[in-house]
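Next come two complexes, and both contain chain A; in the first it sits with chain B, in the second with chain C.
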Partner chain A sequence: MDVSAIGAAAGSRTGPGALGPGSLEVRSLSVRFGGLVALDDVSLEVPAGEIVGIIGPNGAGKTSLFNVVSGFLRPQAGEILYGGRRINGVRPHELNSLGIARTLQGLGLWRGLTVLENVMVGARRAKRPGFASALLGFSRSDRYEAVLTGLARDQLRLLGIERFADRYPGVLPYGVQKWVSLARALVSRPALLLLDEPASGLTATEIKELADLLRSLRAQMSIALVEHRLDLIMNVCERVHVLDFGRVIASGPPERVQKDKAVTDAYLGEELTPTVVEGEADARG
Partner chain B sequence: MNYFFVLTLTGVAAGMIYAALALALVLVWRATRVVNFAQGAMAMTTTYIALAVIQLTGNYWFGFIVALAAGLLLGAVAERGVVRWVENGPPLNAVILTLGLLLILEAVVPMIWGAQIRSFPAPFSIAAMQVGAAFIPVSPFNLFTVGVVLLVMVALLVLFRFTGLGLSMRAAAFAPEIARLLGVRVGRLLTFGWGLATMAGALAGMLVAPTLLLYPNNMDAILVYGFTAAVLGGLDSPIGALVGGLSMGLALSFIGGYLGPDLETAGALAILIAILMLRPQGLFVHAAERRV
Partner chain C sequence: MLGVGFLLVAALVVWAIDPFDPFLVYQLSSVCYFAIGAAGLTVLTGLNGQLSLGHGALMGIGAYTTAVVLKAHTDLNPALVMGTATLVTAVASIIVGAAAARLRGPYLAGATLGLAVGLPGVAVRFSNIFGGDAGTSIPALVPPDALSSIAPEVWLTWIGLIPTVITFVLLANLVRTRYGRDFRAIREDEVASALNGIRVARTQVLAFVLSGACAGLAGSLLGYTSNLAAPGSFPLTLSLLLLAAVVIGGLGTLPGAVWGALVVVFVPSWISSLNDTVHLPSAVRDQLPLALFGAVFVVAMLAFPHGIQGGVVRLWQFRASRRRPGAQEQAADL
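After this line comes the complex of A and B, so read on.
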C-alpha cells in the first residue's frame, strides 16, 4: 500500500474531530482464532487529540484490537480508519512512517543496546540514506547517524532521563526502563499512540507522573490506552470503551462507565456465559 | 626455533580461518537463530566459482572479489528462497534444511567441476619466510590471512556499532516484532545478514584452499572447528568468534604438535563436547550482551 499518500492525507486535514489527523476508528471489526471469537463486531473511535481508555477483564480482546490495528492480525471483517483513511492490510513496519506508535506489554527493551540506541531504533521517520551508502559509510549516512542520535537525545531530555543515555536498560530501575520504552515510542513524533498497559509495574507516584506526561502529549497526538489500572484511566481519559469477551459493552466518559451495570458485572465476574472456559479467555489476552 | 613458538604461530594462522567461518555461523545465528550446517559447503562452492574465474582471467584478485560477491548472493538467496519458509517452524526444521543444502551443494559441485582434488593459487607465497639464516614458520600468506580476517572483523564492528544499518540489524536480530513496530524492515535485514555471513564464509574458503587444497568436502573439518569456535564464543558474539577461532587454532596446533596430527579432529570434538557439558552458554556470552 502507498504509505506516503496516506500520511500526507492524514496530515492535510485540519482541526480535531473524529476523522482528524491521528484519529482512529474501527468499524465492525471481527477476529476469530478457529472457533474462538477474539473480537466480535467491535466499533469504537479514538478522536484526534483525545486520550481514550480501553478496559476490560483479561481476555476481553484489548490486545487483539491493538494487534489488528498494527497489522499483526488480519481481521475477518471490518474496517480500520486512521485519519479518516482505510488502513486495512497495513504491515507493522509501515506504522512508523504512517505516524502510529505502539508499545507492547512489558518493556521490550533491547538489553544489549544502550538506552540511547534503544530510542534511536524508534527514530526513523527522517529521510534515510540508501542501503548501499549506509553500507559503504558515505557522508550522507554519517549525517543520518548524527540526526538519529540528536532526535533520541532530545526525546530522552524531554522525559528527563537523558543522564541514563549510555547505560544499559537492565541495570536501571523498572520505572526508568518504562520511561525509556515510552521515549522509544514518542521519538518518531507519532500522531497516534497505542499504549498497552503502560502503568503495569509502576508505583503510585510514577503513575501520577505518567498521567501528567500523557496529558501533556494530548496537544500533539491522540492516545489509545489499554490499561488495568483504573486510577490512571479515570485520571486521564476523556472517554472509555469497555470490552468483554470481544464485544464493546459500554462506551462513554469514565465516571459514567464506572457506574454502568454491565461493566461492574463484567469486572465482578457475575453473569458469565457458562459455556466460555476461563483458560480460553485468558489465552486471548 | 622453539617448537612451542612454532606451534603457536601456526595455531594463530589456522585460528584466523576458523574465526572467519565461526563468524559466518555467528552472523547467521544472530540474524535468524539457525545454525547453518551448509556454511562450509557454501564456502566450498564460492571457492570453486573463484577458481573458475581465476583460471579464466588469470587474475587471483578478480577471483577473490567474485568469491565474496558470490557469497553475498548465495547467502541472500538461501535465506530468502529457502530458510524464510521454515523460520517460524520448529528449530529442527531449519537444521534439517541446512543439512539438506549441504548435501545438495556437495553433490552439485562435483557434477559441474568434478570431484578430483585441485590445487588452488595463493596471492602470496605459502612457504616459510627466511630472515637471515633462520626460517620463521610463517608464510606471507599466513600474514595475509591474519590481516584480512582482522580487517573483516573491524569492518563488521564498525557496521554493527556505528551505523544506523547495524543498529537496525541488532534490533531486528534480538526482538524482530518490536523492531517491526518501530519501522525496521526486518525481512530485508535477515536476508542481508545471511549474505554478510556467507561472504565471511567465502573468505574462509579462499583462505583454506591454498594450503588444504580444494575438493567438494574440503570444508567439512573446518566447519566442525569453526562451529566449535563459535560455540566457545557464545554463538552470539563476533568478538567471541574471533577469540574462539584463535583458541581452537592454538589448541589444535598443540594437540597436533605434541600428541600427533591424527588427533586434531578428535581433539576438536572433545573440546566441543567439553564446552557443551561445562559451559553451554559459551565463554563470552556476557561480552556478547554488552559489547556487540
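After this line comes the complex of A and C, so read on.
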C-alpha cells in the first residue's frame, strides 16, 4: 500500500514542540501475532497539547496501537516515547503515575462500585498511606480517603454528573456511563489521555458535549483519539493519522486527510454511519 | 465506632452466657473461629473474587502451628501463640496466593481444592512432628488463679472473642479504604484496574495473605477449642462449610460472615436435637440431619439470593422506603 505524500511529510516532522511534556511519539512500531501483522512500521506523534485522531477501518490496528502504548502488548520492533522519554516495556499499572490515562471501548467501569468509588480508584496519588495505616484505621488513612472523595466529587461536578455519585454504573444510561469513565480517567490529571472510541453509542447532542469537553481539555493535556465517528474527529482534531492493515496510510489535518485518495479507497464508505446500536453492542452487559 | 459496637455486643454475649451451659459455650467458641475464618474468606472470595476451597487446610496450618509451639513452650501466652499461628499461615499463604494470582475460575478452585485434600496428608507423613493420624494435643486454656471460679470453657469463649473482635475491626477498617476498593475493582475488571494504577497480581496476593492470616488465627482458636490438631479436624468439608457460611451470610460482607458462622454452628445442632425428638428408623435418622442441613441451605439461598445480610439490608430499605418515598429506587439498585 502506498504511503501518501502528506503521510510521508508529516511522519518525518519532529519539531522540538513535539517532545514536550505529555507528548507521545511512536517510531517504527511493529507488532505481529504469529503470522498476522497488527502494526507494521507505524510512526506517528501526538504533540504536547494537541488532539490527534487515529482512524481507520475495523482491524486496522488502532486498538493494538493503544495496547502497545499502555503496555498490554510488547512490540517486536520500534520505540515509544512519552514526553521525549522512552517508555518501552512500561507495565499497565505504571501508566497512572506516569500521567497517562486510557479509557476502554467497553468502558470497563466496575459495576460493584458506586460512581464515586469508580472515580476514587482513578484518583490515586503518589503519597498514599500504607497497608498498616489502612488496617489500623489511622487518621492518615482517613484524611487520604477524604482527599480522594473530594477529588472525585470535584471531577464529577466538573462533568455535571455529581448527582449520580452514589449510584451504581450498571443502572445508568449509557451516555452517563461514558461520562463516568471519562471522569475516572481525568481525575488523575493525566498529561496524556488515550480515548478509545469515546463517541460510540452517544447521541448527536452528547457528541457535541464531548467535543466541547475535549477542546476545553486541550490546554491541560495531549489527547489521542481513536474514533469511528468522523464528525467528532473533524470537529476537534488538529491532526489525523489513518491506519489501514497496520500501516499509517495518511497523516495531516483532518480536512486534507479526508480528501486523500488512499484514505477514501481504504476507509470511506465502510464506516461512515456507525449507529447507536453498534455503540450499545460495545458496552459490556 | 464499629469496633466499639462489636465490643459492646461481644461483652453482652459473654455476660449472657456466663450462666454456664457448657455446650452453648462450646458452640460460641466455634462461632468465633468460624466467624474469623469466614471474614477472611469473604474478603478474598466476596470482595476480591478469588475462590478458595482450601481455607480449611490453611486453618489446619494455624492449628498445627499452635500445637507445635505449645509442645515446645507449654505456658506461652495465648496471644503470642495465636500471633505465631497467624504469621506462619500468612507466610504459607504468600506461596499459595502467588500461585492463585495466576489462576482464574475453575483452575483456582481446582488448585485450592488440591491444597485442602493434600495438606492433611503432610501431617500424616511427618508424624514425628505432627503426631500422624492421632494428631497433637493442645493443652486447654485455664483462667488465671484470680479468676479460677470461671470454668475453662467459659474462659476460652472470653479469650476467643478478643481475636474475633480485633479481626473484624481491622477488616472493617481495611475494606472501607482504597484496599477494599482495589480488591473489588480487580474482581470486576482486571484490565481497567491495571489501567487505573492497581498492581493486580500483587493486590491479589495481598488479599490471599490477608485471608490466609485470618484462617490461621481461626485454626489456632479451633485448636484451643478442640484441644487437638489432627488431620481429621481439617477435612475438605471444613473448607466447604466455610464457603457455605460466607455465601449464606452474604458474600463480601463482614456482618454476613457472622451470620454465616452462626448458621453453620447452630443450625446443625438444632436439626439434631429436633431429630432426636421424633422416632424414626435409625437408617433415616442418621442421614436426616445432613439432608435437612442441605435443604435449609437451598431454601435460604432461594429466599435470600444475596445471603442473610442481603436480606437484612433489603428489609431495612423496605422499612425506610415506607417512611420516605423515593428510597425504593435506591433499594432496587442493589
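Just so we're on the same page, the second predicted complex is superposed on the first by the 250 of 285 C-alpha atoms of A that agree within 3 Å, B and C clash if a C-alpha of one lies under 4 Å from a C-alpha of the other, contacts with A are read in each partner's own complex, and residues count from 1 in each chain.
Please note the rule applied: a residue touches a chain if its C-beta (ideal position, glycine included) is under 8 Å from a C-beta of that chain, and two chains touch if they have at least 3 such contacts.
Everything numeric in this text was worked out from a predicted model, so none of it was measured.
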Aligned on chain A, chain B and chain C: do they clash or fit?
clash
Touching partner for A:His93 - first (chain B), second (chain C), both, neither:
both
Name the contact category of A:Met120: first (chain B only), second (chain C only), both, or neither.
both
Partner chain in contact with A:Arg167 - chain B first, chain C second, else both or neither
second
Who does A:Leu148 touch here: chain B (first), chain C (second), both, or neither?
both
For chain A, give the residues common to its interface with chain B and its interface with chain C.
70, 72, 91-97, 101-102, 104, 108, 110-113, 117, 120-122, 124, 128, 131, 134-135, 137, 141, 144-145, 148, 168, 184, 188
If we count contacts the way the header does, which residues on chain B are in touch with chain A in the complex?
158-159, 162-165, 167-168, 170-171, 174-175, 177-186, 192, 288-290, 292
Within the complex, which stretch of chain C touches chain A?
169-170, 173-174, 176-179, 181-182, 184-185, 187-189, 191-200, 206, 332-333
Given the complex with chain C, which residues does chain A contribute to the contact?
70, 72, 91-97, 101-102, 104, 108-113, 117, 120-122, 124, 128, 131, 134-137, 141, 144-145, 148, 167-168, 171, 184, 188
Under the stated contact criterion, what part of chain A meets chain B in this complex?
70, 72, 91-97, 101-102, 104, 108, 110-113, 117, 120-122, 124-125, 128, 131, 134-135, 137, 141, 144-145, 148, 168, 184, 188
